[in-house]
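Here's the structure we're looking at; comments come further down.
Chain IDs A, B, C and D follow the sequence of writing; residue 1 opens each chain.
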Amino acid sequence: DRKLTFIAGPCQLESREHGLEVSQQLREIADRLNVGLIYKTSYDKANRTSLSSARGMGLEASLPVFAEIREKSGLPVLTDVHTAEQAKLAAQAVDVIQIPAFLCRQTDLLIAAAETGKPVNVKKGQFLAPWDMKNVIAKVADAGNPNVMACERGASFGYNTLVSDMRSLPIMASFGAPVVFDATHSVQQPGGQGTTSGGQREFVPTLARAAVAVGVAAVFMETHPDPDNAPSDGPNMVPLSEFEALAARLLEFDALAKGL
Amino acid sequence: DRKLTFIAGPCQLESREHGLEVSQQLREIADRLNVGLIYKTSYDKANRTSLSSARGMGLEASLPVFAEIREKSGLPVLTDVHTAEQAKLAAQAVDVIQIPAFLCRQTDLLIAAAETGKPVNVKKGQFLAPWDMKNVIAKVADAGNPNVMACERGASFGYNTLVSDMRSLPIMASFGAPVVFDATHSVQQPGGQGTTSGGQREFVPTLARAAVAVGVAAVFMETHPDPDNAPSDGPNMVPLSEFEALAARLLEFDALAKGL
Amino acid sequence: DRKLTFIAGPCQLESREHGLEVSQQLREIADRLNVGLIYKTSYDKANRTSLSSARGMGLEASLPVFAEIREKSGLPVLTDVHTAEQAKLAAQAVDVIQIPAFLCRQTDLLIAAAETGKPVNVKKGQFLAPWDMKNVIAKVADAGNPNVMACERGASFGYNTLVSDMRSLPIMASFGAPVVFDATHSVQQPGGQGTTSGGQREFVPTLARAAVAVGVAAVFMETHPDPDNAPSDGPNMVPLSEFEALAARLLEFDALAKGL
Amino acid sequence: DRKLTFIAGPCQLESREHGLEVSQQLREIADRLNVGLIYKTSYDKANRTSLSSARGMGLEASLPVFAEIREKSGLPVLTDVHTAEQAKLAAQAVDVIQIPAFLCRQTDLLIAAAETGKPVNVKKGQFLAPWDMKNVIAKVADAGNPNVMACERGASFGYNTLVSDMRSLPIMASFGAPVVFDATHSVQQPGGQGTTSGGQREFVPTLARAAVAVGVAAVFMETHPDPDNAPSDGPNMVPLSEFEALAARLLEFDALAKGL
């Protein structure tokens, strides 16, 4: 078992400057904690609750910024893609391709992501059982790409609520894929604010700690210098000023869980 | 309140001959019952449980067959699309564009479907509350297309199980969209057979009758001459030989519900 | 299949006068509709959300009132019991013993109810699958009482929410017991108002109609002259002034469902 | 924050000898681990899935055995009660009164347990939200007994399945009650084996570790020398031979979580 990695960053790429600044700060935190960190950033929020929600800079405008973030911060970069075409394009500038939860069963998208040769992080759909991810992982692996991760981000639990079943972590690990716990979207309240989704930021440390104690390869945790004014996922992002302490605490549980 | 319409057909377009034959039989049933019927057919099952499951003929090969079915049977044709490009192409040969449940939040797809000018039937995601469909309907309508239908097809209920909340029918109707009840996928057991989804065909009449008594604009009900040998959704399709009697019975409840 | 019966009345026995008056009005409605009606009344709300909620008159004080209601209205009376001792006592004055949903697995209570020789209506626990009721029904029947009914009143669906799975009606009927649909508690929002439960009275007709169309032996539907001022279940009781029209409408669906 | 306590023992009191032997072994384990341990034992399984399941020795026959276990092992003893009368009787021989999950809303039972003056451990109903426990705790406290614990044992999640929401632990702790995590019944599959409940013993360490990392006052964990031949809860009890190692591991996480 290897030491925990973090997948972290603001939900959206808000601007070149914003991306460069946050990635630089996260790079410094990762150095201080001596831990692997993958910078998460999105060029498009393609499934916002309503049409009027901010969607981001778009793929074409974002690619050079992704490249610049990668170069200047020295961090690997992850982004999520929504079509087969985007997978190919994004792979030019990022290190990890992520498949959104709603799209985790779209075969063409999974194959296109696999064919980039980049590691693929597949979010488990809110409508899937942990064991259903076996077929999802196989779709990527059978397309020739064994570098596939399975990410828990909550299961539908009644209306506008998700629940994190910690049994899913060992179940998905048993399929041979590194398991990621998404502590940000697991505390989302989908649709819970009428035209946007709500969130319970206060439970990010609770669920992240539980998952790390069980044992995971990585924790996905969005962070932002000013979450309350972020264009998306504000209610469930961790303030950047609190990120380092929380990550350090999780590393203690990781070391205990893995005997490091 | 207008008389119930049926959306019916086999899950997949299996071949030109198969499509022509089944659509002809459904046309005759619709004539005998004096009821509107939209022929449902899919050119691609894009989100099968596993990579080895049959996916269908593909869009390009299917378009001329869709056109021929429409012309020969005289029935309007509905198909489901998975990308913005497919929406544009499919609109050349079909009368109704359908958005799959997993994709009901993908803004670009909804806008592309809206821009075809065709009526759009949006399946409610298994992960959505009924009231979340207000924003989904608005995405289509705000893109300039008021002809949008909302379709109930079950909500996630624990693992590998869906439940049909009949309250969703009046809730979605309150948003001004005609409401469709999908009696086929509501009895699906997602992922329930390991590498394919299972189903409970025996409960199709139960749920369809409940929905029609509550009051819906249309019932979506897949049917097949030989469901047990169909390439997909076999466990939840109604045998074609039983379709007419079931539809006739539902029309009795519809007449009572609407005072027709 | 026999014509639908109603189980109706206010949630609690509020006073002798209140009970006599409401039961008399329900008797007149039943006569006008030519339908069987069992008067439902509770002497104790033993599991209120909070300690300060009103609980009712208690068993001893209620027994003579139950007897008087039965005699004057000519309606059979149903009440719910919470201990084995109460079952024996209540049987002296009522015609049907009801087991609350939370208590549907308490073996001693089920046996005591069975041993009264009265028909027993067991509410399905919010935590039970429909097929779990097979063992519950058998507990009563194996104690020597074959007159046991199974009542659907919603299943837990996330927090503070219930959902009515219409498949439960034929599943429970397959165990040989008459099936009751409780349209009042199926629209309850347990704990949803902090120190009391909320409810969605507006969906009583929706769910009742769906259940009757599927086919049930009886509908349980609480009613009150002034629900908004009732001491319990106000948010989900039907105003008495609307009861007759709703019941009459349900009888139309019942006649169609059963070919009466 | 005080060091973790264990509540452990076999599901049922099978015989005097069995109880004395297991309690003695648990006492030795507790001494070696230098940890508090409360011996859990039941005199009656009052809500078994079916009538033919074994129920235990009964309260009267068990009371002297409980007293003997307490005296010989030196461990405090906990048992669960199902009626107000049983609460009074049991309090003569045990140190902690437990309220079963199905009965957590029965006001008379909670008050009777409170009035014994003994600490009361209330299992959260599978049908309750964490915040609903505020009123439950208040029922005991307002009856004059502030020594009330709240126990998480899983929430209904579809049919025959429970899910453990780790957010419930801090939510219930915020009401001022020590929080217990029941790792045995959280992995129960209610009704999952037809006439008995199934279980997933393999996930006991997973969920217990997650809960302890989040932070709890006690872990409830049934254990048995030969679970596969136990009369109840066999599928989810930890073999006694594995108990000490698991408990020791949990204490490491507890020490890290609480900075002990």
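Criterion: a residue touches a chain if its C-beta (ideal position, glycine included) is under 8 Å from a C-beta of that chain, and two chains touch if they have at least 3 such contacts.
Owing to the predicted nature of the structure, the values given are computational and were not obtained by experimental measurement.
Enquirer: Would you pick out the chains that touch subunit A and also touch subunit D?
Expert: Where subunit A and subunit D share a partner, that partner set is B, C.
Enquirer: I want to compare two interfaces, A-C and B-C. Which one has more contacting C-beta pairs?
Expert: Between A-C and B-C, the larger count of C-beta pairs in contact belongs to B-C.
Enquirer: If you average the CA atoms of subunit A and of subunit B, how far apart do the two points sit, in angstrom?
Expert: Those two chain centres are 33 Å apart.
Enquirer: Using CA atom averages as chain centres, what separation in Å is found between subunit A and subunit C?
Expert: For subunit A versus subunit C, the centre distance works out to 48 Å.
Enquirer: Where the centres are mean C-alpha positions, what is the separation of subunit B from subunit C, in Å?
Expert: 37
Enquirer: Give me the residue numbers in subunit A that touch at least two other chains, ranges are fine.
Expert: Where subunit A meets two or more other chains at a single residue, that happens at 155, 157, 159, 163.
Enquirer: Please name which positions on subunit C make contact with subunit D in the complex.
Expert: Those residues of subunit C that touch subunit D are 46-51, 55, 82-83, 102-103, 105-108, 125-132, 135, 138-139, 142-143, 155-156, 159-160, 190-191, 195.
Enquirer: Give every residue of subunit C touching subunit A within the complex, in rising order.
Expert: Counting only subunit C, the residues touching subunit A are 157-159, 161, 163.
Enquirer: For a test of understanding, state which residues of subunit B touch subunit C in their complex under the given definition.
Expert: Result: residues 155, 157, 163-167, 169-170, 200, 203, 206-207, 209-214, 252-253, 256-257 of subunit B touch subunit C.
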